[in-house]
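You will see subunit A twice below: alongside subunit B first, and alongside subunit C after that.
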Partner chain A sequence: MSYLEFLEEFGARYLDGSLITLIQAVCSSILAIAIAATMGLMRLSHLWGVRAIATCYVEFFRGTSLLVQLYWIYYVLPLFGVPLDNFTAGILGVGMNLGAYGAELVRGGIQSVPRGQYEAAIALNMSPIGRMRRVIMPQAILNMLPPWGTLLIELLKGTALVSLISVADLMFEAKQINGSTYLSAQAFGTALVIYYIMARLIITPLMRWSETLLSRRMGRA
Partner chain B sequence: MAFHWRWDFTWDILPQLAMGALNTLLAAVLGYLIAMVIGLGFALLQRTGIWTLNRLVREVVEFIRSTPLVLQIFFVFYVGPQFGLTLMPWTAGMIAIGLHYASYLSEVYRGALDAIPRGQWEACRALNLSPQRTYAGVILPQAVPAALPGMGNYLIGIFKDTPMLSVIGVAELMHTANAIGGNNYRYLEPYTLVGLIFLLISLPAAFGIRRFESWVRRALGMGRGH
Partner chain C sequence: MTVAIDKDAAAAPAPTAGQPMVRFEKVTKRYGNLVVLDQLDLDVAPNEIVSIIGPSGSGKTTVLRMLMTLEEINDGVIYVDGEPLTHMQRGGKLMRADQRHLRRLRANIGMVFQHFNLFPHMTALGNCIEAPVHVLGMPKAEAVQRAEELLEMVGLKDKMHQHPSRLSGGQQQRVAIARALAMRPKVLLFDEVTSALDPEVIGEVLNVIRDLATQHSLTMLMVTHQMGFAKEISHRVCFFYEGKIAEQGPPGELFGNPQNERTRQFLSAVLDAG
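Let's look at the complex of A and B:
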């Protein structure tokens, strides 16, 4: 079977799988960003208890591996009376894991804004929320965009693991096609190329674009 | 089956899990050693001055870095037999994880080498130092401390990625837990214990690596005077 014939026969399944992977990636990114923002801000709190909760969360999710967390969420959580379908379990696992890494980026991004900016905002009598929203956050976000680009690629790669709890994503389709045709190089190679295209032709340009957009709005470009 | 932790079962499976944990550590260390060497190759091949070669290696590194490790493990394991080369799970796993982390480490090396000011190279040339003395006496003492934090993070990273080797049947911790769970229809204890074992190893390891970094930085800082 030539490679073109292979694509003709299985192309549709690769597309289906890619779509599921993209949905998984988008949903878990939203979850990861929400968790990262919350936990990152909590890590900077003045209250000892709030800081401790966030530190525990981050250390716990960064200390164990994503695959272990996924299996735990999918196989053990139902025993506590939280039955989850595999699709939701996948989003939860990937989102919560990468959210912990993101929290550190949020914390670092906010801490990288020079002290003078805080002091100037206070001197101008801005409210704490206004100070955060109009002075600190825009600069912090601009600082953290490049590492977030890397993190989102990690997240996309992480979604491949949801195939192990039987979500029919790109990786899952590749495994199925390999199982029925034994054309491993074609089956897995195609999936590898698709993941690469998603990372380099979707995530990387998207992050570049938001970086230029944001720096232009801040008058830096 | 409801939530009910069984201690007798826990004690029964703990020795097996401990063996699995040893294999996990072994896989992480072996994979990391392979990654360190190949990663250095990747980094140096990008500094050759031959434009096409630099560009090619750069793309290869980017490709490996942006695609999922678990898919690469499958690829390495299954593609061999298609062309008449059968690999043991351990061999395939070490190649895949070694290559994946080599691409990460090469970026760490590259960053550390790039961070050395041009003047340092020029001074070595002006002093007519041999390439060996340039590297051993001037470049590496500055590049190594710069590379250490990244290298430490990836050592812990490779340890946390070894569970993926279970998909091709490498008998590490996750694989052991899967087998125990499947045989006894109990997943609560094995999976929870796997999580705990990972925490118990990776948190102290992270702490130890930070200590080691500051120790190296101090040791090299003192050794620079002569």
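Let's look at the complex of A and C:
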């Protein structure tokens, strides 16, 4: 079977899988960003308790394996009366895990804004929320965009693990095709190429575009 | 209180007698064991222009930073326009100020920084309307009009749509002055505002401050290394040494006939170097 014939036969399934992978990646990215923003800000709170909660969250989700977390969410939570379908469990697991890494990027990004910016905002009598929203965040976001690009690529690749809780994503399809044809090189090689294309042709340009856009608003570009 | 006005500063509005605009009462600031300010007493009258000079590490900048609430004080009370800044009256007792109290009193004070601290993601105009619109709730059109007037006053109306990264240091500092004035403070603090500037642009910033001093009723506290400028525009000069005011008086007297040995040493050192 030539590779062209292989693609003709299984192309549609790769497309279906890729679509599921994309949906998983987009949904868990949104979740990860929301968690990262919340936990990153909580890590900087002056209230000890708030800081402690965020620190525990980050330590737990960064310190334990994503795969184990996925199994927990999918297989163990139902035992406590929280049944989740595998699709939702996948988004939750990947989003919560990468959100913990993102929280550290948010914290670092905020801390990278020079102290003088806070002081100028105080001198202009801005409220604590106003300082964060109008002065610190716009600068912090620009500083943290490059590491976020890396993290989102990491997240996309991390979604491959949801195949292990039977989400029919790209990796899941590749395994199925391998199982029925034993054409491992083609089956997994195609998946590799598709992951690469998604990272290189979707995430990287998107991040670069955001960076240019924000730099221009800073009058730098 | 009144302060004798030096001849050189005759053009500036005279300080008003009565309740001081700013009062430091036995204010102490420590960093660990290091005492930066030691039981400082200082009164500044409305419309008075006070320059603070002294060697580095003498606590000059700390005075301004405490007044702007950028540093907490360890002991004593600061009053602004008769009200305690860092404390508030609650049920007859003096307690630590909350955010609301701080923001109400902070509205009286503006500050210009050594390193300008303009917001890099906003244009010169954006910097000047940000707080009037979002803090004072001024309609945008009105804020823009006022910002344009202020930028014109500092000679930068043609640069108002530029971001700080496109402006020289002197221009950035003039925008920063306009930005502080846009909030209509009663007290304006200048923290070594020319120290980060190239020598050839110091003059343009000093000119703006000179205009402010002579044409506006504004209480000004200025930490500076520009002795000639301090002499020219101040009503009073305070020489700080090791966390205390070692000597103070009208500029003519302090520069012309310093009484304190430390003042003499400091002045001869900086005037030789200058």
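In the analysis below, the second predicted complex is superposed on the first by the 221 of 221 C-alpha atoms of A that agree within 3 Å, B and C clash if a C-alpha of one lies under 4 Å from a C-alpha of the other, contacts with A are read in each partner's own complex, and residues count from 1 in each chain.
The rule is short, and it goes like this: contacts are C-beta pairs under 8 Å (C-beta built on N, C-alpha and C of every residue); 3 or more make two chains touch, one makes a residue touch a chain.
Everything quoted here is computed from the prediction, not taken from an experiment.
Student: Since both structures carry subunit A, what do subunit B and subunit C do when superposed there: clash or fit?
Tutor: When both complexes are placed onto subunit A, subunit B and subunit C end up side by side without any clash.
Student: Does the superposition put A:P128 against subunit B (first), subunit C (second), both, or neither?
Tutor: Only subunit C is touched by A:P128; subunit B is not.
Student: Thinking of the overlay built on chain A, is A:R217 touched by subunit B (first), by subunit C (second), by both, or by neither?
Tutor: Second partner only, subunit C.
Student: So, A:A120: does it touch subunit B (first), subunit C (second), both, or neither?
Tutor: A:A120 sits against subunit C, while subunit B stays out of touch.
Student: Considering only touches as defined above, state whether A:L79 meets subunit B (first), subunit C (second), both or neither.
Tutor: Touch status of A:L79: first partner only.
Student: Just subunit B (first), just subunit C (second), both, or neither: which does A:L44 touch?
Tutor: The answer is neither, since A:L44 touches no partner chain.
Student: So, does A:S184 touch the first partner subunit B, the second partner subunit C, both, or neither?
Tutor: In the superposed model, A:S184 contacts subunit B only, not subunit C.
Student: As a test of reading the superposition: which chain, subunit B or subunit C, is in touch with more residues of subunit A?
Tutor: Partner with more touched residues of subunit A: B.
Student: Is A:I30 touching anything from subunit B or subunit C once the two structures are fitted on A? First, second, both or neither.
Tutor: A:I30 contacts neither subunit B nor subunit C.
Student: On the A-aligned overlay, A:C56 touches which partner chain: subunit B = first, subunit C = second, or both, or neither?
Tutor: neither
Student: Touch check for A:P138: first (subunit B), second (subunit C), both, or neither?
Tutor: In the superposition, A:P138 touches subunit C alone.
Student: Between the C-alpha centres of subunit B and subunit C, what angle is found at the C-alpha centre of subunit A, to the nearest 10 degrees?
Tutor: Angle at the centre of subunit A: 100 degrees.
Student: Between subunit B and subunit C, what is the shortest CA distance in the superposition, whole Å?
Tutor: Minimum C-alpha separation, subunit B to subunit C: 26 Å.
Student: For the complex, which residues does subunit C have touching subunit A?
Tutor: 68-70, 99, 103, 106-107, 109-111, 113, 115, 117-121, 123, 130-131, 134-135, 162-166, 179-180, 183
Student: If you look only at subunit A, which of its residues touch subunit C in the complex?
Tutor: Residue positions touching the partner: 114, 116-117, 119-120, 122-128, 130, 134-135, 138-139, 142, 217-220.
Student: Using the touch definition from the top, list the residues of subunit A that touch subunit B in their complex.
Tutor: Result: residues 59-60, 63-69, 71-72, 75-76, 79-81, 153, 156-161, 163-164, 171, 174-175, 178, 182-185, 188-189, 191-192, 195-196, 199-200 of subunit A touch subunit B.
Student: For the complex, give me every residue of subunit B touching subunit A.
Tutor: 1-3, 62-63, 65-72, 74-75, 78-79, 81-83, 160-164, 166-167, 174, 181, 187-188, 191-192, 194-195, 198-199, 202-203, 206
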